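What follows is a set of structures for review.
The two complexes that follow have subunit A in common; it is paired with subunit B in the first and with subunit C in the second.
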Partner chain A sequence: MTTLLAASTTVWLDQIVTGITRGGWIFLVAAGLTLVFGVLHVLNFAHGSLYLVGAYVGAALGPAFGGSLGAFLLILLIAPFAAAAVGGAIEVGLLRPTYRRPLLYQFLLMFGVVYVINGAVEAIWGVETRQLSAPHALTAPVHIGAVTIARYNLFTLAVGIVAAALVLLLLHRSAFGRDVRAVAQDPEMAALLGVRVGRVRTLVYVLGAWLAGLAGVITAGQSAFTTTDGVTTVILAFVVVIVGGMGSIWGAIVASLIIGVADAVGAIAIPDLSVAIVYLVMAVVLLVRPWGLLGRPVHA
Partner chain B sequence: MSRRLSPALVLPVVVLVLALLAPNALNVTQVLLLAQAFIYAAFALSLFLLLADGGIVSFGHAAFLAAGAYGVAVATTKWNIPIGLAFLLAPVICAVLAAIIGWLSVRLTALYFAMLTLAFGQFVYSVIARVGYFGGESGLTGIPSGIVGIDPDRFYYAGLVVLAVVFVVIHLVRRAPFGLALRATRENATRADFAGLSVPRVRLAAFILSGALGGLAGALLAVTNGTVSPDLGFWTQSGTVLVMILIGGMTSMWGPIIGAIALTYGQKYIAEATPEYWQMVLGAALIGLVLFLPGGVAGGVEAAYRRLAPKPHRRAPTGEPVAER
Partner chain C sequence: MDAFRLAGVAATVALALGVAACGSDDSGGSSGKASSSKGGDPIKVGYVVSKTGPAAADANSDVVGAQLAAKEINDAGGVDGHKIEITVRDDKTDPTTATREARDLALSGNVNILAGATVTAIGAAIKEVANATKVPYLISTANGASLTEVDPSPYVFRAWSNSRVMPGPVADYASKQPWKKYVLVTGNNDFGKSISDNFKSYVQAKNPNAQFVKQILVEQGATDYSAAINQLRSIKPDAVFLGGVFGASFIAFAKAAVPAGIYDDAHVMGFMGNADLDAVGSLVPAGKQIGYNAYYNTYDDPFTKEFDEKIKAVTGKPSDGSNFVGYMTVKWIAEAVKRGGGTSREQILKGLSGASMDTLIGDVTIRPGDHEATGSYFYGIVDKGADGKPAFTQVGTAPGTDFLPPDKG
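Then we have the complex of A and B:
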């Protein structure tokens, strides 16, 4: 019994560490959605498609840039701009005229955008799986004490932490961030006080799209992907926003870590229910705090 | 008391007679396509109640299509329940599922509600797609078809019967005091609350009814296809049914029916015309529809009718869900 426990302690520790790094990836996937949801109050289904754009452009740039670490990091910064550009077009062309329209119409507009982007991605790159091979420096396993972990997972976690820090700094320590928070709180009042609401919204959406693209490139370096990955990944991002609460960045950070660890530990503890764990976490949080972990209570 | 024949009564009768005679005039492809369109029309109508009268947008309605279909599939192939009984069991299963999901979701704001129903719908999808008992990605096969058989005409009439049942149930519910209560919660939840209505309870009841009727459509889909696959529950299916309602418009119960038929035909013919670009064409058409024809086809027809026949018009008891922030 003691040997079983001793042996399994390492297994648990392994899973917890894996879960934390997975949390970093989940945060990257959800960061842009959280930001857009919190400021624009739009259900941004296109998030998954923008993620897809980042992944495909990243994979397409791979061969041209070569396999060095520097080239990979450069792709990581450049490819998301394709997603950002598409995002800018969506906000200016489609969202801006419809902010005052009923909720349903925004949903359907976004649904149309998902079809168009996925169709375009399929027309350009086909339906075969693709991958961006990560440089050797990022793929070797790392040993920390008794725990073994893939270096790329640590890298993903590091990128997640940097992204979280930069977004928080931007929101809370810059003049632009003050404008963004004002628009999130009350767009009419912000406009009266001289904030250029339209421009703030566009920039926030573009930033959200860039983050979606970044998550796409990171994932492309991790594993093979296809055109259907966008519509499956976007759901995970939605769950993070629900659990974290109403577009709160800190909420998304906490929710990502909880979901990441629950997912990794649950895969060992209750393998039969592993697909349901993410949603069980969501249901439990909703029972205790219907507005999410760090959200504010708002009732219909 | 003498009454003129009202268009509200004549129209359904004329449409029903035409629909009953239609298979005689159509080829097999058309009959099968319409049979499928009827099932989706019933599915769209089940959501219409929630959307038009309740004013709340559920983005996880596919969960009930899948649960109804899988209910029939599991009951017949795993539990050896006769098909007739299994068919009636499916809406009950869906009602229970809707009670659970609804109980966790109805108290929240419109935006949050949409997101939650989306997430729970996706939960149902991952369970049927991954759990071995439900056949995983390949789904379940060998569902008996019972009296529906494998005859296209019978598929057609079965679809018509289910659509008519859903139509009548929703029509009666909308005319009952409950329909009035539901519209009251849509128009002003605070006032409805002051008037003594329990807003979450009214919404939950509508959600359960909507789920059960959606499950009925799913059950028939399982019977006519003979197989079920997880795709039925994927979230894009929930989006598709909202598209059907939008295409048709929300001004009357004919909207979702027109929309379901239009989209079923549209998808087939766009995919045949441009097999490579159908997604882009469909998406662009949808964007164009939202931007330029917000009332949908039925709304457009109604507007034209009003312009042609300018007489005092009773305001239809429906409206658009109001964005809540």
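Then we have the complex of A and C:
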């Protein structure tokens, strides 16, 4: 309680705004995972490793591209394609044969993939902490009234909003999106209707991997990372997917904002328990609404 | 499987991953047998470090330093004819794995001594094995004072310095500055709290005007420092001490704190190595960031210059604190064999207790009572070096004995 009273109103406002912007980052981390689950029904534990690929490639490109805003934006677009390429190889080479097999095959396969990718990342880039320097144009703070916001956080929120809009448009306003929804609902029927199910699955997994890579590059610019960050990231992403409702993009958006604000406010209100706040949110949602905030209950 | 059950499975796996990331503990083992001490027998060193995990870079540096020392000793003919053989095992930052590896080295590998530990939890696991197998254990880079202070073991010794000494010299430096308003940014764990508390008590003892107005707890391994930054911006301290905030966490803090203007008002003290300097050295304002570590390659001393060249020849990179502590660890083992008169476990135990060596900061002793080494830490101010690039400048230290309780031995 002392801590609650000690923080000034400005700090509280700063934290709430920070939490909203952090929600943008959390959505980026979780978007690819929820997309892949929603369509492929795959619990993609390799998501965190694909995030790492994006982060490492982004950090490796940084010195070569220079520190301008244009160079940074270019890296932001290019580096996730490395994750997308790895994702494509995983789906075509490894996942495809498992869709008709018991779920345990996918579990074991994905765990194996995590170890292989993380090992490869360590072999290529080593175990040292890495980061990508963000351009000055994205680092200065922005003052809005009494509230001060890190410009990079606003940038992250903007990228999160754009990514959410594009994914939603792609799913609900395009021919490809129609195919994706058909495959998600009933792949056999979609195939009978002429949808190239294999191609749709591959492209969805590639898109999910690209989004994971994008989150990795964003993180590299904001802070720093090591090879262990893939595991912590995939845990957070799963929490968002569970809280929002498995496979629901809108659910992931809402869950990201709730978790972002809860985490930021909790860091000041109950700092001793800050590590547990995200899991407390998940536990409450699982108790009250086990299918997630915007998910749908499925009856056997 | 429906979505509901999948959600349950996903939640369980997510929690399991979290628990696995935190690690678990184990203890036990049977008693081991001492090696012979015949002339020419190798000195087998079982080196257990966290080559996988967040401290992997430190673990690798530790091993490089240890292997360099072993090569130098062996090239010079060994210790009284005994060559040093180092077997490195990766504990994967998991105490259970550390226990298994240490036990295997002690029993099947029949090592003369165990060494290593990159983090304190791993050191505690190896300590249990040392107690059970009666094998001497020399802690390398793990700093937790609890390893030697809680349930002291006749088999456990430390190669350089502990968490009491870590913040000592930088606190000494801080107490001489005109800084009054301090904030502690502390990793929310025993280690972070311990070094933060020690820093505070050292500064307050030497500067009665120092006011510690706030302690901000941050999640261990955090890379989002928004909450801490927002509070610091509101408090506007003269000095910030980061305790238990290192590696990726330190870099994340600096990257958030610079644009937020924290360095405009405050000097920031944090555990820093060369990788941190590379990452944020040109970002932080000159003279406002102070690093602390077990060693800085810019310390003005003949040993440092020579050691730095030796490490560069091996790795192509400047030497760092873990290189140095690993190097000292094997030097201690050689010294213990000399003092003890042989390579058996009993002789090494006898040789380690009370051993003394001339180091880059003068004589350092492994105290016979608490088995703590009297090695110290260094501080360095991040500024432009001779080549115009960021470097640790004005590097200084203070005797480790200033920060250790009296030895009861």
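Throughout what follows, the second predicted complex is superposed on the first by the 291 of 300 C-alpha atoms of A that agree within 3 Å, B and C clash if a C-alpha of one lies under 4 Å from a C-alpha of the other, contacts with A are read in each partner's own complex, and residues count from 1 in each chain.
Everything below uses one rule, namely that contacts are C-beta pairs under 8 Å (C-beta built on N, C-alpha and C of every residue); 3 or more make two chains touch, one makes a residue touch a chain.
Since the model is a prediction, treat every value here as computed from it, not as a measurement.
Colleague: Scan A:L43 for contacts with subunit B and subunit C and give back first, second, both or neither.
Modeller: The answer is both, since A:L43 touches subunit B and subunit C.
Colleague: Looking at A:I242, would you say it contacts subunit B, subunit C, both, or neither? Reply first, second, both or neither.
Modeller: The answer is both, since A:I242 touches subunit B and subunit C.
Colleague: Report the partner of subunit A that touches more of its residues: subunit B or subunit C.
Modeller: Looking at subunit B versus subunit C, the one contacting more residues of subunit A is C.
Colleague: Taking the superposition as given, does A:L287 touch the first partner, subunit B, the second, subunit C, both, or neither?
Modeller: After superposing on A, A:L287 lies in contact with subunit B but is clear of subunit C.
Colleague: For A:T219, select first, second, both or neither according to whether it touches subunit B, subunit C, the two together, or no partner.
Modeller: A:T219 sits against subunit C, while subunit B stays out of touch.
Colleague: Let me test your reading of the model: by the given contact rule, A:T129 touches which partner, first (subunit B), second (subunit C), both or neither?
Modeller: The second partner, subunit C, only.
Colleague: Which holds for A:L168: it touches subunit B only (first), subunit C only (second), both, or neither?
Modeller: neither
Colleague: Check the residue A:A191 against both partner chains and state whether it touches subunit B (first), subunit C (second), both, or neither.
Modeller: neither
Colleague: Which partner chains sit in contact with A:V11 here, subunit B, subunit C, both or neither? Use first/second/both/neither.
Modeller: Second partner only, subunit C.
Colleague: If you stack the two complexes on chain A, which partner ends up touching A:P141: first (subunit B), second (subunit C), both, or neither?
Modeller: After superposing on A, A:P141 lies in contact with subunit C but is clear of subunit B.
Colleague: Output the subunit A positions appearing in both contact lists, the one against subunit B and the one against subunit C.
Modeller: 41, 43, 45, 103, 107, 122, 231, 235, 238-239, 241-242, 246, 272, 275, 279, 282, 286, 290-291, 298-300
Colleague: Would you pull the subunit A residues touching subunit C in the complex into a rising list?
Modeller: Residues in contact with subunit C: 6-8, 10-11, 14-15, 18, 22, 37, 41, 43, 45, 103, 107, 122, 126-129, 131, 133-134, 139-141, 148, 150-153, 219, 222-229, 231-232, 234-235, 238-239, 241-242, 246-247, 263-264, 267-268, 271-272, 274-275, 279, 282, 286, 290-292, 295-300.
Colleague: For subunit C, which residues count as touching subunit A in their complex?
Modeller: Touching subunit A: residues 1-4, 6-11, 13-15, 17-18, 21, 51-54, 56-57, 60, 188, 214, 216-221, 223-231, 233-234, 247-249, 251-252, 255-256, 258-261, 275-276, 279, 283 of subunit C.
Colleague: Given the complex with subunit A, which residues does subunit B contribute to the contact?
Modeller: Where subunit B meets subunit A, its residues are 51, 57, 59, 104-116, 118-120, 122-123, 126-127, 129-131, 189, 199, 234-236, 239, 242-243, 246, 276-287, 289-291, 294, 320-325.
Colleague: Could you list, by residue number, the parts of subunit A that touch subunit B in their complex?
Modeller: 41, 43, 45, 94, 97-98, 101-109, 111-120, 122-123, 231, 235, 238-239, 241-242, 246, 272, 275-276, 279, 282-283, 286-287, 290-291, 298-300
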